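Sharing a structure with you now.
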Amino acid sequence: MINKIAPTLADAVAGIPDGATILVGGFGASGSPHDLLDALAERNPKDLVIVTNNAGVGERGLARLMKLGCVRKLMCSFPRVAGSTVFEELYEAGKLELELIPQGTIAERVRAAGAGIPAFYTRTAVGTPLAEKREHREFNGKTYIMEEAIHGDFALVRAKYGDRWGNLTYSKSTRNFNPVMAMGAKCTIAQVAKVVDLGALDPEAVVTPGIYVDRVVQVGV
Amino acid sequence: MKNRLNRCEIAWRVARDIPNGSYVNLGVGMPLAVADYVPEDREVIFHSENGVLGMGPKPPDDQIDWDLTNAGKMPVTLLPGGCFFHHADSFSMIRGGHIDICVLGAYEVGENGDLANWILPDKKQAPAVGGAMDLAAGAKKVFLMMDFCSKDGEPKLLPRCKLPLTGVGCVTSVYTDVAIVDVTSGGFVVREMIEGVDLDYLQARCGAKLRLADNWQVLKTPKIDLPEVKQVPPGVAAAKRA
Amino acid sequence: MINKIAPTLADAVAGIPDGATILVGGFGASGSPHDLLDALAERNPKDLVIVTNNAGVGERGLARLMKLGCVRKLMCSFPRVAGSTVFEELYEAGKLELELIPQGTIAERVRAAGAGIPAFYTRTAVGTPLAEKREHREFNGKTYIMEEAIHGDFALVRAKYGDRWGNLTYSKSTRNFNPVMAMGAKCTIAQVAKVVDLGALDPEAVVTPGIYVDRVVQVGV
Amino acid sequence: MKNRLNRCEIAWRVARDIPNGSYVNLGVGMPLAVADYVPEDREVIFHSENGVLGMGPKPPDDQIDWDLTNAGKMPVTLLPGGCFFHHADSFSMIRGGHIDICVLGAYEVGENGDLANWILPDKKQAPAVGGAMDLAAGAKKVFLMMDFCSKDGEPKLLPRCKLPLTGVGCVTSVYTDVAIVDVTSGGFVVREMIEGVDLDYLQARCGAKLRLADNWQVLKTPKIDLPEVKQVPPGVAAAKRA
């Protein structure tokens, strides 16, 4: 029998080593897998590379992981929001490396990893500082830059419902980056508000098919 | 100039230029107000980069659902016919040219349509770009909402942007507190000016050459009072919830 | 008010000119927009380029369009199935140009058009005759080929439900190529079994958001 | 050789080599039979390129739903936990390396793991490739199901394929009517042979050098009768429905 359900948060994040590249779902606090991040912080790993959209707010989740000094590098589009004080202090102290990537380019680069596409061309960021060091190329008279896939060792995502095959559905706009990050890692770990029976999710409405998911843990609503 | 438009009045004017049936993305900040002024005889579908089409207005305080937020991380609603999708799909819509109009703020705009709106010099704080470069490169039309000059009175319409760019040759029109300026292959063309302002006034405050459209008009809006701001900053609200 | 509902099939396919490139959903007969194709055949256009997976079976839909001599070129992955006699006769008589593309590469190239990606790299077909004339390039020690986006002037798709904003949902495996083709064209036309009221479709389960759809026509169940 | 395995018996043997929890894509034709022989203590999730995960067996004739078909365009069912998705998502799973095993037929296989299974020479008919190249390039393991020799007695295991390739260096193992052969960096290695066959027998019918695995075993299956074929060919059925 296939059973991807992890009994505890600690089981869910087991085996994440120092130096891992971790894709993290969510858009700010919306859909952020806070509980998985907190559980990961308990393990106190070092030198993590985090790929996500924002840089954590308050003291939980990603902010906590950063505050504990677990994160070497952050790849994101928008690290600066009200409340991202942990990030700001570390960044200004030169204790955290930042790679800024346009939001849609993060999404497409991670999707590319999941879809077996090593690189693609995009018009986003052409002519800007974020296009520096990128290969430029013309198609049909317009200039594009090449962007390469971003592969994760692990992905941490948050969904509303999950089943033992790893199928996931989300709630409203908390979906955001979660299904994309789920595609792009070798091992995807999902926290869900509720584990449901196999067959309970509408097969027409499953957003992340279980093929992308390795572990599911229920953390309550 | 005492009858300069406030940001709600600019938003009102931008909304007049959004045709029925348009798919529109509103940048975080000032542009979000545009949604409040869509003429009643038009249906406009608002896209939010975090995976929403058919975004509706802010809910009443007692109906806030933190699972349904906009690009500014503030609670919104969903209109009948709206739907949700993930970030790769959301930015496919943007990058793929399916958004008819996006409305953004700006630090500078070049007469060649270049846009600078993401980073200021000499700041110690970390840079942040979000979806601005995707929108600038992908939307069919880019409308800017901004004051004609900076708070220090410096021109924001320039021959070429001096700040690092967000996008190249992407700006369609600039909606300001004193005028509407279109970006054309021949440079900036003033389409509308508020009462009491003339081309000389604008030119004196503009870094680039301005032309006046043959069929220019007076820029008129109803008088709209700015709302009292009592919102909790989004980061704080989000942190609270987390 | 937005109203994408076309009253008749003839209205739905109006304006499709000679020489158009048309993306057609479906996988064999499954999910094929037969009624739209038949309505298009009524217009008897010339020199069409059709991008789809198969080459039509029997006498309806794509087979009919080909039999009438409307199709100059077919871009597909699997033209040869039992019952694709119209295609076979035309092909063997040299009256139809065929460009064979691997199935997943068709899907990704059309998705790329919809997503603003002019080109991407894939491992599919490396070392095969279908990689000839393709740019080859190494990423991380493996060889890939470059594939360019396939843009349609029109897309014809079939869905189960649609609303006046153009939102679509599908039935089971008839979904197949339809949502992909819907993304990749300047004008997307959908035949649906039933037009429903705005708001009747579950916002979590809309598969093709209306932003990709220009016309919807109901053709009964 | 009278005790050669028939295609159901080969399918039975392939099914033994599919671990619990695998995501498996079965090629059209002979490989589809593998689904019938998954050991009862294992759960295997079948992927169908046309957008199905968790594909179940053929339905009874009175429960056929033509909206739910497999890559061969024949009616199937969906298991609890199954779901639907579109073609770009389906081939992301394939190209992205998420399919653990795909089982394909083959015309030829090279000792370097090259596969030829999509086009025969000197045919007037149009070529057709479907998803074979995507699967060959993308699946983590490629199992082949085929007879050891062609119907004309020609070797199908060769130093290098002579036919146009489907994929390069992609084949993991070859399941045939007389032996199971693994593709290794040192070439073909016989893992199992049926009773009454030895390496000389196989080598005489193989174009490439065969080695015998140290721990080779006898290839045994239960006796399975071939089903009577009464199916309507898929194209005809589809045309009827259309």
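Every chain is named by a letter (A, B, C and D) in the order it is written, and numbering of its residues begins at 1.
Please note the rule applied: contacts are C-beta pairs under 8 Å (C-beta built on N, C-alpha and C of every residue); 3 or more make two chains touch, one makes a residue touch a chain.
Just so it is clear, the structure is predicted and the values come from calculations on it, not from any experiment.
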Using the touch definition from the top, how many steps at minimum link chain B to chain D?
2
Where are there more C-beta contacts: A-D or A-B?
A-B
Can you give the whole-Å distance between the Cα centres of chain A and chain C?
33
Expressed in whole Å, how far the mean CA point of chain B lies from that of chain C is 36
Can you check how far apart chain A and chain B are, centre to centre, with Cα atoms defining each centre and the answer in Å?
29
Per-residue overlap in chain B, given as positions that touch at least 2 other chains
78, 84-85, 91-92, 94-95, 137-138
Mind pulling the chain A residues that touch 2 or more other chains?
108, 111, 115-117, 122-123, 170, 172, 203-204, 207
Touching pairs of chains, which are they?
A-B, A-C, A-D, B-C, C-D
Give every residue of chain D touching chain C within the complex, in rising order.
48-52, 65-70, 73, 78, 84-88, 90-92, 94-95, 114, 119, 124-134, 137-138, 164-168, 233-236, 238-242
Within their complex, state which residues of chain A touch chain B.
27-30, 32, 34, 53, 55, 57-61, 77-84, 87-88, 91-92, 98, 100-108, 110-111, 122-130, 170-180, 207
Under the stated contact criterion, what part of chain C meets chain B in this complex?
1-2, 111, 113-117, 163-165, 167, 183, 197-199, 201, 203-204, 206, 209-212
Per the touch rule, the chain C residues reaching chain A in their complex are 108, 112, 115-123, 139-140, 142, 144, 148, 169-170, 172, 202-205, 207
Contact footprint of chain A on chain D as seen in their complex
20-21, 23, 43, 45, 47, 53-54, 78, 80-85, 88-89, 91-99, 137-138
